[in-house]
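Chain IDs A, B and C follow the sequence of writing; residue 1 opens each chain.
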Amino acid sequence: MSTVAGHYSYWMTIVLIVAGMYILIARGNLMKKLLGLAVLQSSVYLLYIAPAKLLGGTAPIVAQGYTVYSNPLPHVLILTAIVVGVATLALGLAMVVRIREAYGSIEEDEILARDRADDDRAPDGAR
Amino acid sequence: MLEHVPALQVALPLVAAPLIVLVRSRRFAWLATTVVSYLCLLFSIQLAWRVAASGPVSYAIGSWPPPWGIEYRVDALSAFVLVAVSLTASFVAPYAQRSIAVEVARDRQYLMYAMYCLSLAGLLGIVITGDAFNLFVFLEISSLASYVLVALGQRRQALMAAYQYMLMGTVGATFYVIGVGLLYLMTGTLNLVDMAERLRAVEDARPVLVALAFITVGMGLKLALFPLHHWLPNAYAYAPSMATAFLAATGTKVSVYVLLRYYFTVFDPVPLFSHLPTEEVFVALSVAAMIVASFIAVFEKDVKRLFAWSSVAQIGYITLGIGVDNQSSLTGSIVHLLNHGVTKGAIFLLLGGVALRAGLAALPLRSLAGLGRRMPLTAFGLVIAGLSLVGVPGTAGFITKWYLVLGALERGWWWLVAAIVGSSLIAVAYVWRVVEAMYLHPGDAGAPHRREAPPAMLAAAGAMVLLCVYFGFETGFSVGGAADAAAFLLRGLR
Amino acid sequence: MMLAACVLIPAAVAALIAACHRRPNLREAVSLAGAALLFFTVLSFSQAVLEGARPRLLLGEMLPGLALVLELEPLGLLFALIASGLWFVSAVYSIGYMRGNHEANQTRFYVCFAAAIASAIGVALAGNLLTLYLFYEALTLVTWPLVTHHGDAEARRGGRTYLALLLATSLLFFLPAMAATWWIAGTLEFEPGGILQGKVSGTAAALLLALYAFGIGKAALMPIHRWLPAAMVAPTPVSALLHAVAVVKAGVFSIVKVVVYVFGADFGREAFAWLPWVAGFTILAASVVALRADNLKRRLAYSTVSQLSYVVLAAAILTPLSLAAAALHIVAHALGKITLFFAAGAVYTAAHKTEVSQLDGVGRRMPWTFAAFGIGALSMIGLPPAAGFVSKWVLVSGALEAGHWLALGVVVASTLLNAGYFLPIVYRAFFREASGEEHGEAPLPMVLALVATAVLTVLMFFFADLPLAFARKMLG
């Protein structure tokens, strides 16, 4: 029982990783894939931050009478990771917008079908 | 000033990127890119010199001492890879002007240069940093910039290719950072050298093993290790020519560097290779890559895709050296980072010239017909670079093959020797198809008369072809540096 | 150093020829002058080498511990002499052939020809296995444009077989053999007495020898021989110089070099026991195919396959006398075969005939050509007064000395077979009635060349001491 209760953050991390990967792979809609990616990345945040809070630890500000402080470093790391995640998401969304303009759809199978039709018609893609 | 070179190595391209975006002028963009690339090359050579003379160079960012502060650390391996990356950049940058002028929309060209500088900064940062999380940051900087580089290709397929690349690449980076997180939890430090020392004392091995697995798979995605290579053929085929040349020569190589760093410096290589099935896994996947990818290349109809699959196969050679795990094979691996970079870079630069003159966005095999007459220098260059892919003596590729074969012999794995030379034979087949198209098939009746690529492009590509031959004969730096790096890695922390 | 000049001269000639693209007469003159210069340069070393000197030139270190080295020793000198001397003769012949048949792309032809000679000389002068391998591969690549010269579908197919077989064997077998030798012996240098003595024996040694024998595909041991008939799509000067002299001799030369300088003449016989069987089979099987071939060049190609294995057989017997025979046969066969190919090309140019069955009475219309053909045939069969008699005599002596009854039987049988497929041609040419259009002799340059090589074939019979001295010196 303590395995589950004591490590619930790790279990949630695993759930998020798996859920994110599943959405990313199983869904054909490009937007949904991006959401899967976001879920995957959030698992990382949880992985780093949850252990940072030490049992009985206080905020990481030096104060009289406290010996155990929570670890601020993972928070710093995750701020960076969140920024990276935001940048990735922004780039991904921009790409989806452009793909929509170019293909008229954001469903993966429709796009691939259109590419195949393209290849059959004009393999050279001359300018 | 000289002691700040490690920081400048990364800071210069990093600062150049926003500068290019602010100034917006295309000329300035190209000029800045070229100047920055050459300066980076000079810096990396200087660092390599220092390392060869007096051992690893350590630089504390912001003067915060390691292991609390972020450390930039240059040792035999990182010096070698730094030179390899900046060498490629110095050839691609002058090439880029004409190539981008034709392939990218006018109002976006300066952005292409900015992304190129960012990518370069990221790659150099990955190699030079001594901090695990800092590595992730640079990894994402270079990757995001690469996704944009690919997306700026001419055809709309480039967008999907970039999107796929982004998905797989981000998953890879995420896996890497999960691995780092686990390692941090077990050791309490992010400094690679410090982490290595503390890992020796760790009792509970399971989280460490899981971390190793995540890092391996994560970087495997980035370096297109078979079967995680799916993004590569499309990305290389649809990206603009200079982007393909640059990424083919550097992107995957730097990811291999990360793997080498973790396997030999951070983790203890002795139990890693003897108690875990590391060798078997790497050898199996590498042989699969070498043979299957070469085979697929033989049947490809698009020339750029053909050589992209060839890249997957060649990456197999690099990872093979890790699997065989002795001085000879590791030397072969590391020297191939340079040799293949030079070879593939030359090929894609030459193909860019062909595409420009032919006015095509894609290069089916038949567009090469009669190239021997239309663009004799380019065609000859492709032949030489193709021979380097096969591993004919007198080219850089032979040097790599020699060391890999030697490494396999030293382990007594004759079947592996057969696999290595067998895959070279398959490479003959796909190089053959290109050569036959160029020389034995007449071009169109109304084909334009002999007209080579623009001088800047031809010169850059030609110089890289010359390097293919040069590194086939004069191996002082390439093999010397690689052998030093291999010895350094195998020595470990002792 | 003068040694480097031997490789640089033909390379420079290649570049100069390319520059003379627009002036055919100047271009031809450059070829001839370069060939003459090369021959005399190589010749200038003969005295010193006969006295025991082995001039050596270090070209540079390619890999740590592995350098590119040129070294001249008696066998290499022999090969270099015939390659350079016959280059001159072939150049004369080619002028007649290429112009007589109005061939296209002549500059490319001459450039690749010169480059091929440069590679062949490189093979002859190689001081270690690495250098040999480098020039060996270069030779394959540089002769491919010559094989596919005509550019049509048939030429492409021939070229594909040629390249595929030669590259496959050198990549799959020769390279691993070389790497294994480096790993076992720690060196790749050619030493009299070999570098593998005492380091490998039994099955491993036999396997290593097999890797070399089949890896050096240019020696055309069966079943690697298919590239040779496939290469006959090339213009005849190519077939003559390269596939009777330079390329094939580079193959058997390499095998003899490996036997003498890597394994050593005193190496244990057990490892070599299987090789005479393969060589013997090749000799007989190729002769049988030649018997049934109607296309003249194809018949000559299979004759070459057969004759090359004489050299391998001689080397495999591994006695001083048989090794000398191997060296001698390299020279004798070169002279005889080039004469035969020259004649075949002359017939094609003058009479437009390619099949043996078409050759009735052609000898009466082309007496010089077929007289030379006759001499070449005598050399192949091994009868006096032709060069082939000398090498066969020494080979039989060597086989007797070793008590090698298999070799003796093969030599006797193949002599009969050779007679069987050469003499009828000579008979037809002179003693049957001619048919078809009237025609005269081939163009003068061609006739001059083939008469010259026929004379050389006869001369070697009378002045056999000179090549024999070189062959003996090879073993120290």
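We take it that contacts are C-beta pairs under 8 Å (C-beta built on N, C-alpha and C of every residue); 3 or more make two chains touch, one makes a residue touch a chain.
The structure displayed is predicted, hence computed values, not measured ones.
A.B. asks: Which of line, ring, star, complete and other names the graph you get from chains that touch?
C.D. replies: Shape of the chain contacts: a line, open at both ends.
A.B. asks: Please list the single chain whose C-alpha centre lies closest to the global protein C-alpha centre.
C.D. replies: Here the chain at the core of the arrangement is B.
A.B. asks: Just the number, please: Cα centre separation of chain A and chain B in whole Å.
C.D. replies: That pair's centroid distance is 26 Å.
A.B. asks: Return the distance between the CA-based centres of chain A and chain C, expressed in whole Å.
C.D. replies: Centre separation, chain A to chain C: 67 Å.
A.B. asks: For chain B versus chain C, what separation do you get between their C-alpha means, in angstrom?
C.D. replies: 44
A.B. asks: Could you check chain B for residues that touch two or more other chains and list them?
C.D. replies: none
A.B. asks: Within their complex, state which residues of chain B touch chain C.
C.D. replies: So the residues of chain B in touch with chain C come to 387, 390-394, 399, 401-402, 405-406, 409-410, 414, 417-418, 421-422, 424-425, 428, 432, 436, 439-440, 472-475, 479-480, 483.
A.B. asks: Mind listing the chain C positions that touch chain B in their complex?
C.D. replies: 60-64, 68, 130, 133-134, 137-138, 141, 145, 148, 151, 156, 159-160, 163-164, 167-168, 171-172, 175-176, 179-180, 182-183
A.B. asks: What does chain A use to touch chain B in their complex?
C.D. replies: Residue positions touching the partner: 17, 21, 24, 30, 33, 37, 40-41, 43-44, 47-48, 51, 74, 77, 80-81, 84, 87-88, 91-92, 95-96, 98-99, 102-103, 111-112, 115, 118, 123-127.
A.B. asks: Touching residues of chain B toward chain A in the complex: what are they?
C.D. replies: Interface residues on the chain B side: 133, 136-137, 140, 144, 147-148, 151, 154-157, 159-160, 162-163, 166-167, 170-171, 173-174, 177-178, 181-182, 184-185, 301-302, 359-362, 364, 367.
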